[in-house]
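Below you'll find the structure, written out as structure tokens, and then a few comments.
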Amino acid sequence: MLEQLAQFYAVYGSVINFIGINALLALSLNVTLAAGMLSLGNAAFAGLGGYAAGILTIYFKLPYVVSLCGGALVAGIVGLVLGLPVLRLRGVFLAMATLAFGEVVRIAAVNLDITGGAEGLTGIPNVTKTWIIYLTLAGTAYFMAVLRSSKLGWALVSMREDETAAACLGIHVTYYKVVAFTIGAMIAGLAGGMYAHLNYLITPRDFGFFIAVDLLIYNIVGGTRIWYGPILGAALITALPEILRGVGVTAGPIRMGVNGLILLLVILFLPNGLASIFARVRPAAAKAETA
Amino acid sequence: MNLLAQQLVNGLFIGSVYGLFAVGYTLVFGVLDILNLAHAAVFTLGGLVALWLVQTAGMSIWLAFPLATLFAGLLGLLLNQVAFAPLRKRADSQFSGLISSIAMAIIFEAVAMGLFGARSVRFPQGTVSVHIWHIAGVTITSLQVGIVLVAALLMVVLTLFIQRTRIGKAIRAVAESERAAMLLGVNVNGIIASTFLISSALGGAAGILYGLYFDALAPDMGRSIELKGLAVIILGGMGSIPGAILGGLAFGLSEVLTVAITGTSNLRDAVAFTVLFAILLIRPSGLLGRGKMREA
Amino acid sequence: MNDLRVNNISRSFGGLQALQGVSFDVASGNVHGLIGPNGAGKTTLINILSGVLAPTSGEVFYRDQALHRVPAHRVAAMGVARTFQNIRLFPTMTCLENVQAGHHLTAPRPLLPRLLRLPSAGREDRELAAKSRGILARVGLDAKDSHLAKNLSYGERRRLEIARALSFRPRLLLLDEPVAGMRRAEAAEVANLVRSLAGEGMTILLIEHNMSFVMNLCSRITVLNFGRVITTGSPEEVRGHREVIEAYLGSGGHDA
């Protein structure tokens, strides 16, 4: 039994690691989505965290954990500074501003020497272990689950439902937006740091616009309204190529098409994501609806 | 000096393609307040289908161009029917529409990859006969001139169409207020469908011109223009057609000038996105926006 | 004592003058009505009083604190709650959750004890739920506590909005058309609720088109027309005021 498990890990270890990191990234976006903000900047925050952690490890010879925290801190500080002006924007305009920010970060990474240019920052020791990823994921998931019942969590959900009404109940909307944005940036930065220390290298391509879109897809497919939704979505979409290979489908276009089809079906027929199949998000409310 | 003039001319050519792409992009946003992220995938399929018509069906580009443009327009109808119409009544239709357009973009790109392969392909030699002119040290090809003329023609036709025709007026009415348009007896669903038809046809046409200009077509070529298109329509003001045209030209020029000045293509997009970011913070309605900012 | 002093408030939108030199006082513990034909500027005024809009000029004082140009969340912190003409509930929350969310200013709900699973967190949540059910009971929605707000009837949504506004124990309550679309019996219940709130010392300013509701409930009434105050007085004074009658008849005989 143990041997089979070891064999399974030997084959699928890297997929398992990426599921964990993608789930963490999905959760980082979920903090802002929960407050009704559509950010496409979280991939860039992950990139910032990854580069910062990598640089701290390579050039400053700092221990792994310290580098990771440093990466998260850098991402958080940039998130705070960016959040203050950007969060006045709403809806697609916020999405665009964060997207433009992400592009600026990517272009900077391509052009700076310390980030290794277009080839990326190489020679980062691969010290991220599977248990570290999943311990962090568990901690973050627990944090997100508990957050909902706190003053901050109630404020964020109220803002998502109706910003003006929330403000008239005494909720300082801008403050809470910046807080949520910064927390999301820090989680993304942490995930980015672990990614950099998993992969030997980190390149500008790892955190572009389409990665930001992927994070959004994880959230939508899994569901944004409950903490395990983004994890579910990230796990499914990340494992999808392996699952398809298992049933004999290896063609790239089909894999991609299935990806798109899942997203389309979920947004059309399951607006609260796959999580709403596994457990009704609100059992009591669901009963009331049919009553 | 000549080098600069040459760069300016090049920027004008590529800018006109960006403008054509962005006009369709901004049209849908102006009418529906929805960002159609599948627009770039339609752009790609337009180009690839034109290539197929020329290469496999043996058509002349002059026949393939309108046919592929029409095909792209039909893709727009499909997009509307599958990805947008079912969500229109939802409270969060702006957000869910964005998501379903991403889904359609992925599906379209997968189809493009399945049908045409993942590699970059090009129009057969001699698809268009190319003359080269040297004017005051600036090199201009007939292909470039043709691209600018076609792009300009399409944009002029669109502008006249929106301003003068009955359907154009109805489109503007729906953009102003769907409910008011309905009360005035406008068939809102029909108008939205025609908006998608027009928008996607223009996107497809831009894809064909782009493929001819760069002499390369690939299933993922929409990816690079996706972001540029977004930048252009914000620059020009979301929903503004003249804004999208000017934004496209400005973006094309900024690209070539950045490369010319820095001497490296790595910084090509840096100026544009930095400007875009600044505009969003200072004047989110864009340079020529009509201040339609219900959401901000 | 005057709770609320509105002094020479003006507000324009582009070229449109929505309010022009509006002044009146609302006495503490009073139910004060704000009436006028559609487009008179009533909702604009409520938006200014609650900090959602800033006035173009003029001042508002609430218990001698300046309230104009104070953002909405700080107005709420001063003890001012409101409802909305076009009902702005939290649609995908249940009734109970709407009221719980309304406790932002009064319930600390700290994060750390919750992360550590301290018993104090559970206790606070249970107390808050009980308190919120009590507030729902006041508006007659206790039986529907687990229904989603978006699935309620129109009148129920109006009542839930009042419940949410009451959750942080405001001292001044601004009600924008609280009984619009309600049947007579339901409106009478809301009238009773407003009376009992005033009896507890709460000051209430309400906009309403239902004239019998306003005349029976309010001790003072301010009449707006085209952004100006026509008069402020007792229901009898207002009813007999020549300009008020003209304003209403002139606007085509309003739904009195």
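General remarks:
As written, the chains take the letters A, B and C, and residue 1 is the first residue of each chain.
Going forward, a residue touches a chain if its C-beta (ideal position, glycine included) is under 8 Å from a C-beta of that chain, and two chains touch if they have at least 3 such contacts.
Here the structure is a predicted model, which means the values were calculated and not measured.
Central chain (C-alpha centroid nearest the global protein C-alpha centroid): A. Among the other chains, C has the CA centre that is most remote from the centre of chain A. Chain centres here are Cα means. That of chain B falls 48 Å from that of chain C. Taking each chain's centre as the average of its CA atoms, chain A and chain B sit 30 Å apart. Chain A and chain C, compared by their mean Cα positions, are separated by 40 Å.
Within chain C, the positions touching two or more other chains are listed as 91. Not a single residue in chain B touches at least two other chains.
For chain B in complex with chain A, the residues that touch the partner chain are 35, 82-83, 86-87, 90, 92, 94-96, 98-100, 102-107, 109-111, 113-114, 118, 223, 226-227, 230-231, 234, 266-267, 269-270, 273-274, 276-277, 280-281, 284, 293, 295-296.
Here chain C touches chain A in the complex through residues 50-52, 71-73, 75-77, 81-82, 84, 88-94, 100-105, 107-111, 114-115, 121, 125, 144, 146-148, 151, 164, 167-168, going by the rule given at the top.
By the touch rule above, chain A contacts chain C in their complex via residues 142-143, 146-147, 149-152, 154-155, 157-158, 161-162, 164-173, 282, 284-285, 287-289. Touching chain B in their complex are the following residues of chain A: 38, 85-86, 88-93, 95-97, 99-101, 103-104, 107-108, 110-111, 117-118, 209-210, 213, 216-217, 220, 251-257, 259-261, 263-264, 267-268, 271.
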